[in-house]
Amino acid sequence: MLDTPTTQSQPMTATAVTAGTPVLEIRKLTKFFGGLRAVNDFNIAVHPGELAGLIGPNGAGKTTVFNMISGLYMPSGGEIVLQGQDIAGLEPFEVTRMGVGRTFQNIRLFSNLTVLDNVRIAYHMHAGYSMIDAIMRNRKFDAKERELTERAQDFLAIFKLERIQNELAKNLPYGEQRRVEIARALASNPRLLLLDEPAAGMNPGEIVTLMELIHFVKDRFGLTILLIEHQMRFVMGICQRITVMDFGEVIARGTPKEIQENPQVIEAYLGKGAAHA
Amino acid sequence: MDINPVFLLVTLIKIVAVIAWIYGLLRVVGHASKWVKIGGIIVAFLIVQLAISVPIGSSPILSNFDSGLLFQACTMTMVALGLNLIYGFNGQFSLGQWGFYGIGAYAAADITYRWDNYDAAGLLVAGLGVVLVGLVILMLNRILSRMRGIPVLSAFTLYLIGVIVAGAVALFIGAAIGQALTPLFGTEEAPGFLASALMAQVVFFLAVLIAGVFAAEVSFLFGLPVLTLGSDYFGIATLGFSIVINTLMVNSDTILPFPEMKGGRGMVGIPKVTNWFWAFLFLLLVIIVMRNIVHSSTGRAVMSVREDETASKAMGINVANYKLLSFVVGSLFAGIGGGVYAHYIGFLSPGTFDFLVGFNPLIIIVFGGLGSMTGTIVASFGWIFFLEGLLRVILGQMGTEAPTWRFVLYPITLLLMMLLRPQGLLGTVEWGFLRQREVKPRSREESNTVPVSIGAAPAAK
Amino acid sequence: MQQANTSKPSSFLARGSGARLAWIGKGFLIILALLALYILVKSFFANPQLFAQIVISGLQLGFVYALIALGYTMVYGIVRLINFAHGDVFMVGAFISFYAVARFRLHLWPAAAFPGMSSSLVVLIGSITVILLSMLVCAIMAVTIERVAYKPLRNAPRIAALITAIGVSFFLEFFGALNFVFSPRFIPYERPFEVVTWYISSGIHQVQAGTAPPSGAITFSNIAIIIMVASILMQLALQFLVRRTRIGKAMRATAFDKQAAQLMGINVDRIISITFAIGAAFAGLGGVLYAIAYPSIHSQLGILPGLKAFVAAVLGGIGSIPGAFVGALIMGQAESLTAGYISTPMRDAIAFTILILVLLVRPTGIFGEPEKEKA
Amino acid sequence: MRALKISSLFAMVAIAASACGGAATPTAAPTAAPAAEEPTAAPTAAAAEATTASEPAAATGGELKIAILAPLSGPVPTFGVSTRDGALLAIEEWNAKGGVNGMKITPVVEDSQCTPDPAVNAANKVIDQDGVKFIIGEVCSKATIPVSDIATEKKVILISPTSTNPSVTVDSKGKVKPYIFRACFIDPFQGTVGAKFALETLKVKTAFIMLDQSNDYVKGLAEYFEKAFTDGGGQVIGKETYTSKDTDFSAILAKVADTKPDVVYLPDYYNIVNLAAKQAKEKGITATFLGGDGWDSSDLDTAAAEGGYFTNHYSPEDTRAEVQNFVKSYGEKYKDDSGNAKVPDALAALAYDATNLLMEGIKAAGSDDTTKVNTTLEGITFNGISGKITFDANHDPVKSATILAVKDGKVQFNSVVNP
C-alpha cells in the first residue's frame, strides 16, 4: 500500500529496441510441480517486432511458461531475460510494470466492472495521481483521471467497444470479452504481449478478424507478441516463427512451413502412427 | 397493554422519513453546483438538528429515543461502510471489523477521559504515540517497499519492532515533558486554555481522528501478515482478532496498563460530546472519503482484486498492497465510528464489542448489497431503526411477555430477507452522490486514434 | 518455497535483498515457540502431577471439540459453507437428551421393559438409547435446516448462505430461550449415568465422595474415557465411511466438483443432506457427552464450543477429517495449558493467537491442501 | 465536485456554531418528562406526540407508568425473567390494593439485553415514547450505568434491583447521582460478610478464590472477601480467574486440589457454581464452597453445592410474614414447566423490593413528582423481603445479609448478619 503509481508518460509506441537483442530471452527455464516436471530446459528468444508462436498439444506446458514469464509461477530454474534484465521470480505486478502484458486462456475479465473500468484498471500503474489526490478530488486528480479515461476510450474505440463501454464485462458475448481482454492487456502499455489462446472458441470468420486485429495492434503499437494457440490454421497464418512444445520440452522450432513438415510435430499432434502414415 | 396504532404509525413514518432524508442528502451532495451542495448539506443538517432540538408542544419530533437511534445508525454506517470497503469492494471476508470499532471507541474515550481528568502527560503520550507509530510505519514502508521478495513475517517483525520503539519513545517524551503542560489546564475554578469548552470540542475531534488512525495502525500490523491468507482463513483469523481484542478489553486494567478503562466493569466518565453535528460531520466525511476512493483509480484497483486476483496482478496491480490498503482504510472508518459512539453513550463495556454482536456489520452490508455504498447506509439506518426502534415499539405494546420474542423475530426476518433477496436490498444500486459518474462514449471523430478497418465485430453474439 | 536459482549478476533489481531477511520472521516465530516450550517444560518439572492433570482435562475438551469439528469440516468440505448453526445443533442435542432423561426417564426403559435386568446393563442400554435419540433428532433437524435455509441459496453468493446460517444460529439460540421451549434458564442437567472418578496413586482407586484423593494423585473420570473412546470411534467410522463406502465416494466426488459429480449421476442434494445429517449426528453425540461432562445447560450453550470446534477445524485444515481431529486436540491442549500456566482470562485470546500463527506458517491449516495455484 | 472541501467549510462554520451551543444540545432538549397519557385517544401522529407530553401530571386518579428494564433476550435472559416477574408481582399487589395515591399502575416492560446500547434505547423509549417517570432496572451494571445517566438527566427515578457497581449511583467524579437508587447491597458488604463468616463461624485458615475477571460483581465480592479474610488472619493461598463462558474448570480445580484450601470462595452465579462445584466434587475436592447471592436460584444444583454456604439478600425459608407472603403469592402466580410453584430467587425478591420501595416512596411523597419522590426515598425506611432498607449518602441500601447453607440437598437458612 501507500505506493504512488509512477507517472510515466510513455509514448504509445514502445521504446525502440536495438534490433538484434531479443526482447525476451528465456534460457533453461524449468518448472517442477511436486515431482512432476511441467517445463524442462525451455529456451526461446523473441526479437523486437516479432510475432512468435508457441504451440503444442494439451498439457505440453505452454501456459506454465506464460505463467512463469508473467510472474504467476516461480520458476524452479532458469532465466527469463526481458530486455537485458532477469525477471524470473519477480512478482507479477512488477513484471507487468516492466512491460509485459498478457491475456488468459480462459478469459479473466473483472466481470462485475464495466468494460471501461476494465481497461482503466490496466492503466492504473500509470494513473499519475495518488489516493490522497483522489480523496481531495484536486485538480491533479481531475486532469489525470480525464486523461486516463480518454486513453482507455481510445483503446475501446480501436476495438470497436466504445458503444458498450458502460456494460458490465460479464454481460458481453464471448467474442467481445476476448476483445476487451486484448484491449485491457494493451492498455497496460506493454512492449511484449503474451496472448494465451486468443482464438479459443472462435469460429473461422472470427478468427480471420482476430488475425487482422492482432496484426493491426502489433504494427500500431510496435509490439512484440508471443502467442499460444491450438488452432494450427491460425498460428500458421499469423506467426513468423513457431516453437513447438511437448511434455514440457521444445521439440521443434522454425517457420510455419518448417513446422508443418516436421515429423516430430505431426507425431506429437496426431499420435505415433500418424507420422508414418 | 393495548396496541397503540398511532405509535406504530409514527415510528414507521420516521423510518421512511429517515430514508428519504438519506436519499435527499445523497442527491444534494452529488449535485453539480457548489452552492446547492453547501446549502443542501447545511439544510440536511439543520432539518435533523431542528427536529431534535426544537420542541413542538413540549416534545421535539425526534425524541431522545429517536436521536439515540440516529447516532447509533450513524456510527453503524461508518463501521459498515468500512467493512463494505474491505469485503464488498475488496473481497476480503473480514469478521474483525467489530474489534477495530472497539479499539476506536476505547482509544477515543481514553483520550477525552485523560483530557477530562487533566492528565496532560497521558494526552501527550496518546497523541504522540499514534503519530510516531504512524510515521515509523510510513518510513519502514518506504524502506521495505524497495526491497524485493521480503517475507511477510520478516516485514511484520520489523514493523512490530519499529512500533514498539516508537511507542516507547512516545512514552518517554510524554513522561518527560507531559507534566510541564499541566498548568495549561488551569484549575476547576479558573479553567486554563486546555480546559475550555471550545477545547472540549477540539479535543473530541482530534480524539476521534487519533482513534481512527490508531485503529488503522493496528489493522496495518495485523493485516500485513494475515492478509496473505485465503478468503475464509482470513475471515477466521479476523474473528480471532476480535475475540483477542475483546479479551484484552476485559483485562484492560490488569493485563493492559489502563486502570481507567476498568476492564470488565466498563469505562465510566467519558464526556458525552457527540451531538448531531459531530455525528453528521463524521458520517459525511466517511461517506465522501469512501466514495472518492471507490470512484478513482485506487478504487478500481481495489475492486479488481475482488474480481480476479490473478488478472489484477497481470494488470500490474500490487494485490497485497491493495488488500492492505482497503483493510486499513476500512478499519480507520470503524475506529472513527467507535470514537463517535463512545462519546454518544458515555460508557464502554467489553460486552458491547462481543464477537456475536460483531456479525451485525456483516449482516448489514449483505442486507444492503455487497459493493453498494447506498445499500450499506440505508441498511444501517434501517436495521437500527427496525430492530431497536420498530420492533421495540411493537413488542413493547404486546404485553410483558412479548419482548422475549425480539431475537426470535429478528433472525426470521433475516432468513426471509436472505431467501427472498440474496443479492441484498439494493443490489448494486447507488443514489446521487455515490453513483459513478457515467462517462460518455467518445465518438470516433473525437478520438485521436486512426480508424481501424478490421472488419465487423465477431458474429458470436 | 522454491527460489529461482538464478545467478544473474547484471540484475539491477537487487533481488534477494529482502529474501535474505527471512531469518527475521523465522526468528520471531522460533522465539515465540521457544518461549511456549520453556513455559511448558518449566511447568512440567515444577509439578508433573498437576501438568498431567491439566493435559487430561485438555484431552477431554479436545475430544468433545473433535466431535463438533467433524461436522463443520464435512459441511465445509462439501458446500463451502461455514455452518454457524452447527454449534446450536449441538446445544439441541444436549437438550433432547435432557428431556429424554429428566422428563421421560427414557434412560430407564430397559428396566421397565425387562424387569430383572442388571442395573449396569440398564444404564448402558438406556444411555445408548438416549444418545441415539439425540443424534437422530439432531440429524433430522440439520437436514431440515439445510433444506429450508441453505438449499434455496445454493446458487446465490456464498455469503448469503453464511448470513442465513448466522440467522438460523440466532433463531435456535433465542427461540430456545423462550419460556415454553427450553426456557432461558441454566438448567442443571440430569445425567443418564453417574460420573465416576478414579485416581492413580500406586494403582487405580475410585474417588469416594467426601474424601480427597492423596496429594499428587492424578484423577480421571469415566466420562472422560467415554468421550475419548466415542470420539475416536466416530472418527474411525467416518474415515471408513468416506474412504470405503459408495456414499463416501460420492461425498468426495461432490466435494471435489459438484457439477462433475452431478454429471456422474450422483444425487448431489442427497449427498449434501447426508453430510449435514452425519455432521449433526456427531454434534448431537457431542452435545450429550458435553452435557454429561459439564452438567449445566442453557440455550446458548453451543456458541462457544461451536466456535472453538470450528477454529479447531480450521486449524487442522478445514475439509480434512483427520485435520479436524488433530486441530481439536491442539485446541483443547492450548486452552487447558493456557488456563493452567499462563492466564485463564487470556485463554481464548491465546488459543486464537495460536490459530493465527499456525495459519501464517501453514495458510490452509495443518492438514489442509495448499490452495491451487491458478492462472 | 469538491464535496470534501465543502464539507470541511461546513465543518468550520458549524464548529463555530457548536462552540457556543454544540455541547449543550442534548440538554437543550426539554427536560419536562411527559406525563401519563391515553395514547389511543390521540387522533393524529403529531397529536400523539403532543399529548404524550402536554397532558398534566395526574396526581390522583389516572395512571402511573412504571418501566421495567430487564434483559429478556441476549446473554442472560434468565435474570431478566426473574426480575420482571418479581416487579410485576409487586405492581399487581399494589393495583389490587387500589394503586398508589389512587393511581393505577401500568407496567411497561422493555428488553434491555444487559448491554449498553439496547438498554439506552429502551430507557429512551420508555421515557420519551411512553412518558415513564419511574424505572425499575436494569439488572446488569454495564447496562444500568449508561441508563442511569439518562435517568439523571431526565429526572427519572431509577431503582436498580441488582446492579452492584459503585458507578451506578456515583458518577466518575465521585458525586452521587440524584434519582438513582439500588435495592441490593454492594460488594464490600457482602464480601466482608462472607469472609467473616468463614473465619468466625467456619473457623477456617486458608481460602482459595475463583473469580470471573470480566464480571464486576464477582470481582468486587472476591476483592473484598480477600481483603477481609486476610485482615482477619486468614490466608488466601490461591486465586484463579475464568470467564463467564467457561464450562471446564478442571485446570483451576487441579490447582485447588493441589493447594488443598479449607474453603473455596466462588462468588458467581449458580450456573457457574453448578459446573465448578460439581467438577470439584468429582475430583474429590473436599474444601467447603462459599459464595454470594448469585448462588440463589431454584436451579442451583444442590448436590453439587452440598456443604456450601452463601450470603444472600433473603431466604425463602425466613419466617417473617413478608417473606412468606411473597414466596406464597409468587408461587401462585408463576409456575414452572411442570406446573409446580416457582420459588422466587434473589433477583425476583430484589425486583419485588425495588418496586415496593418505589411505591412507598411515591406514596410518601404524595405525588408522582420525581424530585419529591427522590427526597422521600432518601429518607425512607422500608421493611422489605431482603430486610430493613435505608439508603446511605451514596444511595446504596443499608440492610442485613442472610447466610444460607446447602445441606441435605436443600438450601437452608443459617443466620442473619446485620451491617
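As written, the chains take the letters A, B, C and D, and residue 1 is the first residue of each chain.
Operating definition for what follows: a residue touches a chain if its C-beta (ideal position, glycine included) is under 8 Å from a C-beta of that chain, and two chains touch if they have at least 3 such contacts.
Everything numeric here is computed off the predicted structure, so don't read it as measured data.
Located most centrally within the structure is B, per distance between chain CA means and the overall CA mean.
Each chain's centre was taken as the mean of its CA atoms, and the one lying most distant from chain A is D.
Pairwise, the chains sharing the most contacting C-beta pairs are B-D.
Per-chain Cα centroids separate chain C from chain D by 37 Å. One simple way to say how far apart two chains are is to compare their mean CA positions; for chain A and chain B this gives 41 Å.
If you average the CA atoms of chain A and of chain C, the two centres end up 48 Å from each other. For chain D, the set of residues touching two or more other chains reads 1-4, 73, 75, 77, 80-81, 213-214, 243. Among the residues of chain A, those touching two or more other chains are numbered 72, 89-90, 104, 135-137. Across the assembly, chain C contributes residues 13, 15, 174, 177, 179, 184, 303, 343, 345, 348, 375 that each touch 2 or more other chains.
Taken in their complex, chain B has these residues touching chain D: 1-2, 4, 6-7, 9-10, 13, 29, 32, 34, 37-38, 41-42, 45, 49, 52-53, 55-61, 63-66, 68-69, 72, 197-198, 200-201, 205, 250-251, 254, 262-266, 268-269, 272-273, 275-278, 281, 284-285, 288-289, 291-292, 345-352, 357, 388-389, 392-393, 395-396, 399-400, 403-404, 406-407, 433. Those residues of chain C that touch chain D in the complex are listed here as 47, 49-50, 53-54, 56-58, 60-61, 174, 177, 179-180, 183-188, 195, 197, 199, 207-213, 215, 219, 221, 290, 293-296, 298, 300, 303-305, 335-336, 339-340, 343-345, 347-348. Interface residues of chain A facing chain B in the complex, by the touch rule stated above, are 1-3, 5, 70-72, 89-94, 96-97, 101-102, 104, 108-113, 116-117, 120-125, 127, 129-131, 134-137, 141, 145, 148-150, 153-154, 156-158, 160, 162-163, 165-166, 173-176, 178-179, 184-185, 188, 202-203, 205-206, 208-210, 212-213, 216, 220. Chain D makes touch with chain B in their complex at residues 1-4, 6-7, 9-11, 13-15, 17-19, 22-23, 25-26, 28-30, 32, 34, 39-40, 42, 44-46, 48-50, 52-54, 68, 72-75, 77, 80-81, 84, 88, 106-111, 114-118, 120-122, 124-130, 141-142, 145-146, 149-150, 154, 165, 167, 171-173, 212-216, 219, 243. If you check the complex, the residues on chain C that touch chain B are 13-19, 21-29, 80, 82, 149, 152-153, 156-157, 159-160, 163-164, 166-171, 173-175, 177-179, 184, 303, 307, 310-311, 314, 318, 343, 345-346, 348-349, 352-353, 355-356, 359-360, 363-365, 371, 374-375.
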